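So, here's a batch of structures to check.
Note that chain A is present in both complexes that follow, paired respectively with chain B and with chain C.
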Partner chain A sequence: MRTFRRLLAACLLVVALPSQAALQIFACEPEWASLSEELGGEKVKIYSATTAKQDVHSIQARPSLIARMRKADLVICTGAELEAGWLPLLLQRASNRKVQPGQPGYFMAAEQVERLDVPQVLDRSMGDIHSGGNPHIHLDPHRLQKIAKSLAQRLTQIDTTNKTYYQNRLNDFQTRWQIAIQRWQQQAEPLKGLTVVAHHKDWRYLLDWLGMQEVATLEPKPGLPPNPSHLAGLKKQMDKQRATMILRTGYQQARPSEWLSDKTGIPAVQLPYTVGGSNAASDLFGLFEDTLALMLKAINQ
Partner chain B sequence: MNWSGLDISILGPAFLAGLLVLSTHVPLGREVLRRGIIFLDLAVAQIAGLGVIIAYNLGWEFGSWQIQIIAMSAALAGAGFLYWCEKRWTDIQEAIIGCVFVLAACAGILVLSSNPHGGEELKVLLAGQILWVGYAQLIPMAMVSVLVLALWFGLRTKRHPLLFYGLFAVAVTSSVQLVGVYLVFASLIIPALAVRRLTTKALQYGFITGAVGYGLGLSLSALMDWPSGATIVLALVLPGIVVASLVSK
Partner chain C sequence: MNKAFQLCAAALAVCAYSSIATAQQADNSMNPAISMVLQGQYADYKQDPEAYELPGFMLGGEAGLAEAGFGIGHGELVISSNIDDMYFGKLTLAIAEHEGATETELEEAYIETLGLGSGLTVKAGRFFSSVGYLNNQHTHAWDFVDAPLVYRGLFGNQLIDDGIQLRWLAPTDIFFQVGVEIGRGERFPAGGASDEGKGSKALFIELGGDVGSSHSWQLGLSHWSAEVADRQSGGDVHDGGAAEIPTFTGDSDITALDIVWKWAPDGNYSQRNFKLQFEYFKRDEDGNVNLENSGPPIEMTSYKGEQTGWYAQAIYQFMTQWRVGVRYDSLEADNTGSDVDVLSEAGLDNKGHKPERSSLMIDYAHSEFSLVRLQFNHDESYENTDNQIYLQYVVSLGAHGAHQF
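Up next, the complex of A and B:
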């Protein structure tokens, strides 16, 4: 009983502490949590709604999501309908005026950059097509740089007292990021012009940046699970025109890509996809380092 | 442990939704047990879901009143068919109910095979997202519950089996869209099972059993940061066992 009381007292103490001046950030995905960390440093407190192990297209409702959204000063998500299945509901249930669409506290990363594959006509028969274009933007380091700039502006807008702090963090990040991009592009030289098979269209921007090409997806249409006849067709296609690797994320099923790899001898590669997707991908820099390392290893096998 | 989720404004609507579901499902659940057709609700909910998918594929939007009418009609037709089976093949009705469940589920998968968005919506329909329920959605739910209860208890003297099947279809279709099929099944069967041997005040105790389960489950899901629907289903077992063992003494 005594331990319980102590525990309760400790909890109350935490609750009773004056709410720190730190800006409360609700990030829908780990990549945006990581970027907020880079720019906000000790001035922000970040909560990531999902992990690299989850498919962010759909997640289960938990009370803590509403509680965190309620306290948030800034919500940073991908947008472009990636979170269409749960973000609007969550915003509505949390009814936090600061972070509603149109408010400074509502930051959609995809709105800051140009998207690829924006459909001319929307037709449900094409599968899970987002009207805002392909939303998996964070794997292009140039777009990420642009988003970082907009995010720093937004942080400044919400928290003007720390303007110089955010500006300095941004400058520091941009310098390190620019150097890293140069290095990555040199490293990735052997990947240029190569073709891949992807599980889902997650790699659109990564491949675009690296000058690589996606020749097929394991999903017959975006969002639909791979089926036997489609996989058999892919095997035939690969017999004629061999791709160099088959890419998937950690949250996608391994079996379809392993099957195709088994039948064709093309290496199947699981990439981290986002921060936390592998041990090495502990931040945005690590994410790109590890992604390139894994792809280069696959072609040198 | 996460104390911030333990907030009445976060858990309140979900708890009220639970109480509304229990209000109709405890009496209907006792009837289901009496008739020995435990899987009726799975079959009826699945048929309602199939109606929704087909309507969606025909171009109606989710959440529209047309979809509601189609889901309700599909569930009523399915329940009507199962009532006919009860009269025609009493001894194998449970087996037919089971077959109808898998047939409707697989037909749904086929219809959805070319429709990824429908897949997500169907998952929500079946697994449920009780936490997203807002006060506004509780009003139609409350009206349906009052209607079902009024007819069920109002016509208690001349209750026709068809009345049970019809009301059951209406109650399940409206609750399954708010809380999902697992919670509907648990709300229907666990409290009714716990108070099975009670001869007096069975409904009241069944309702309290369910309410304690919902309260416990929602609190646990807030404290431990677990998905609410599945946590409530597991939490319902605890008061269920306690009440059942008290009753049998």
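Up next, the complex of A and C:
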């Protein structure tokens, strides 16, 4: 019992540490880390829980993530149940009241915008669908712009002393982003009306923005891995109605899309999906530039 | 028992209520997360599972083997929610068939703070102790059908107590957590709720981190102690009389070490990943063992025991949906006392045997909500070597559960 008390006393002593100057941000995904960087600049210190090489649906609630969330002033995640398998556990174990749901330190990007494909009927036989709609919102630059605005407000709310700093960063970002959107839309003109096959419904918002259409997925149902009979069915479907490309992320298996590409001659394209997903996608601007460049290259082949 | 049924009925009422979704959206939106786990298995043994023993260990809790043939395992009803901005609450009801009767057991019923500040958390109620690594994971999250032998031998599968836990998470990049628990000490392997209902205590330290983006690890050290009064374990019936029940009173101390290491290429767990897990436990006990209902006079012995055990397991997910695993268990008991016969009656004679078991398993998870598992054990728990085959399913319905590291 004496050892208990000593340890406890030691712990309580260490608690009284001075708080760091920079705002500590825990971002669930690299896109939110990058957006925080754009808006927070030198006033924030960002930790990204995942990388572009990881499937965010199946992240382990690792000790290192719990430790990082413990120190966070602000947690930025996608929400809409994308992180349902690990985020609730981190929140519960991080012992950090500032970032609990409902607190200013809890920011869910998907809650700031309208989601597509909100299911009318919810049943697990339909696969791993999310009641809040498709959560892969970050690939629509207009939604991203809206999220940027909300995030800047949130930063201001948490760190009022740097209000003008965040406001200036937001204005600067909005200006550059607006110009970029115009340019991208012009570049993407040839993509309009084209159809694609996707590994998973990751591209819903990108395709919606570009006026493109997803006609099939390699996954038989959301969250279930591609299987031979489903792929054979897709080959038949493509023989009748050919799509222009087969899209996948870097963390998904290459084999199913390569197989279908091989059988049909439709180019299989690996897109960066998020910041860090390719060398060129080093920030949000690079992410969209590279995504469009790769898609345009695929149709010009 | 009655209360447990009432709770169960209340929970089901909540379930039913939540399905009337559209009409009462406003009332329903505050409903807690509800999930159910269903398990079932087919078991095949070479030996009679009723004859199972672990020489040198007084068995209790849920230490027995599943019945031969078809059986439904442990069903679970889990209800959890934030209570307000201060507390989180969770209830787990275990529903199992036992000798022809359906039994409901309150497995967890606790509240937990959502951050008191300074990294402190308090948990109160009935909960899985944080001693060891596997102890606070639900049976449906286990990688094998059965508990490691050391958990079976020391805890009757899992250490659960009513009490309070205080833990502190350090504000460091490396995960460092320390915690203490004080429990009632009524449930196996404690007993008697001594010290006016504060009979058990635990201390745990956990460390963890990442190495690069592909490797993660966790290390735990823990200690549990209890002043045990009248801990009973399974008894033998002689000549049609009342069962002689071995009953221990004295001090019990357990020290544990656990190590977990996980790997996935670039930290992407969805296709291939690997987990290595090792736990070591040592228990020291000092006191007396009586054989209740014996005599008169009641047969008794002094008892000084040292029991150690460890297991190591490796699980490899070689492709999406498919995993294989191996596990090896080893136990050793060294018990002494004034009356060797009584020790033997109490199951504390190791009979010159060191229990061992080797297990192999393969499982298929169609989605993250369902799993089918085939397992083979070569079990040398006691002198009659057993070969055990299990075919099991584990599924979860309802709210999306999150799994710990």
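By our rule, the second predicted complex is superposed on the first by the 280 of 301 C-alpha atoms of A that agree within 3 Å, B and C clash if a C-alpha of one lies under 4 Å from a C-alpha of the other, contacts with A are read in each partner's own complex, and residues count from 1 in each chain.
Please note the rule applied: contacts are C-beta pairs under 8 Å (C-beta built on N, C-alpha and C of every residue); 3 or more make two chains touch, one makes a residue touch a chain.
In this text, all values refer to a predicted model and were calculated from it rather than measured experimentally.
*Asks:* Applying the touch criterion given at the start, work out whether A:89 contacts chain B, chain C, both or neither, answering first, second, both or neither.
*Replies:* Both partners, chain B and chain C.
*Asks:* First (chain B), second (chain C), both or neither: which does A:51 touch?
*Replies:* After superposing on A, A:51 lies in contact with chain C but is clear of chain B.
*Asks:* Counting residues of chain A in contact, which comes out ahead: chain B or chain C?
*Replies:* The partner making contact with more of chain A's residues is C.
*Asks:* With the two complexes superposed on chain A, say which partner A:81 touches: chain B (first), chain C (second), both, or neither.
*Replies:* second
*Asks:* Looking at the overlay, what does A:100 touch: chain B (first), chain C (second), both, or neither?
*Replies:* In the superposed model, A:100 contacts chain C only, not chain B.
*Asks:* Would you please give the residues of chain A that touch chain B in one complex and also touch chain C in the other complex?
*Replies:* Chain A residues touching both partners: 11, 15, 57-58, 60-64, 66-68, 70-71, 85-86, 89, 92-93, 124, 127-128, 223-224.
*Asks:* List the residues on chain A that touch chain B in their complex, please.
*Replies:* 11, 15, 57-58, 60-64, 66-68, 70-71, 85-86, 89-90, 92-93, 124-125, 127-128, 221-224, 227
*Asks:* If you look only at chain B, which of its residues touch chain A in the complex?
*Replies:* Against chain A, the touching part of chain B is residues 1-7, 10-11, 113-117, 119-120, 123-124, 127, 129-132, 134, 218, 221-222, 225-229.
*Asks:* Provide the residue numbers of chain C that touch chain A in the complex, in ascending order.
*Replies:* 82, 85, 88, 112-121, 166-176, 178, 180, 201, 203, 206-210, 213, 216-218, 262, 266-271, 320-321, 366-369, 397, 400-405
*Asks:* In their shared complex, at which residues does chain A touch chain C?
*Replies:* Touch list, chain A to chain C: 1, 3-4, 7-8, 11-12, 14-15, 17, 50-51, 53-55, 57-64, 66-68, 70-71, 81, 84-89, 92-98, 100-103, 124, 127-128, 223-225, 251, 253.
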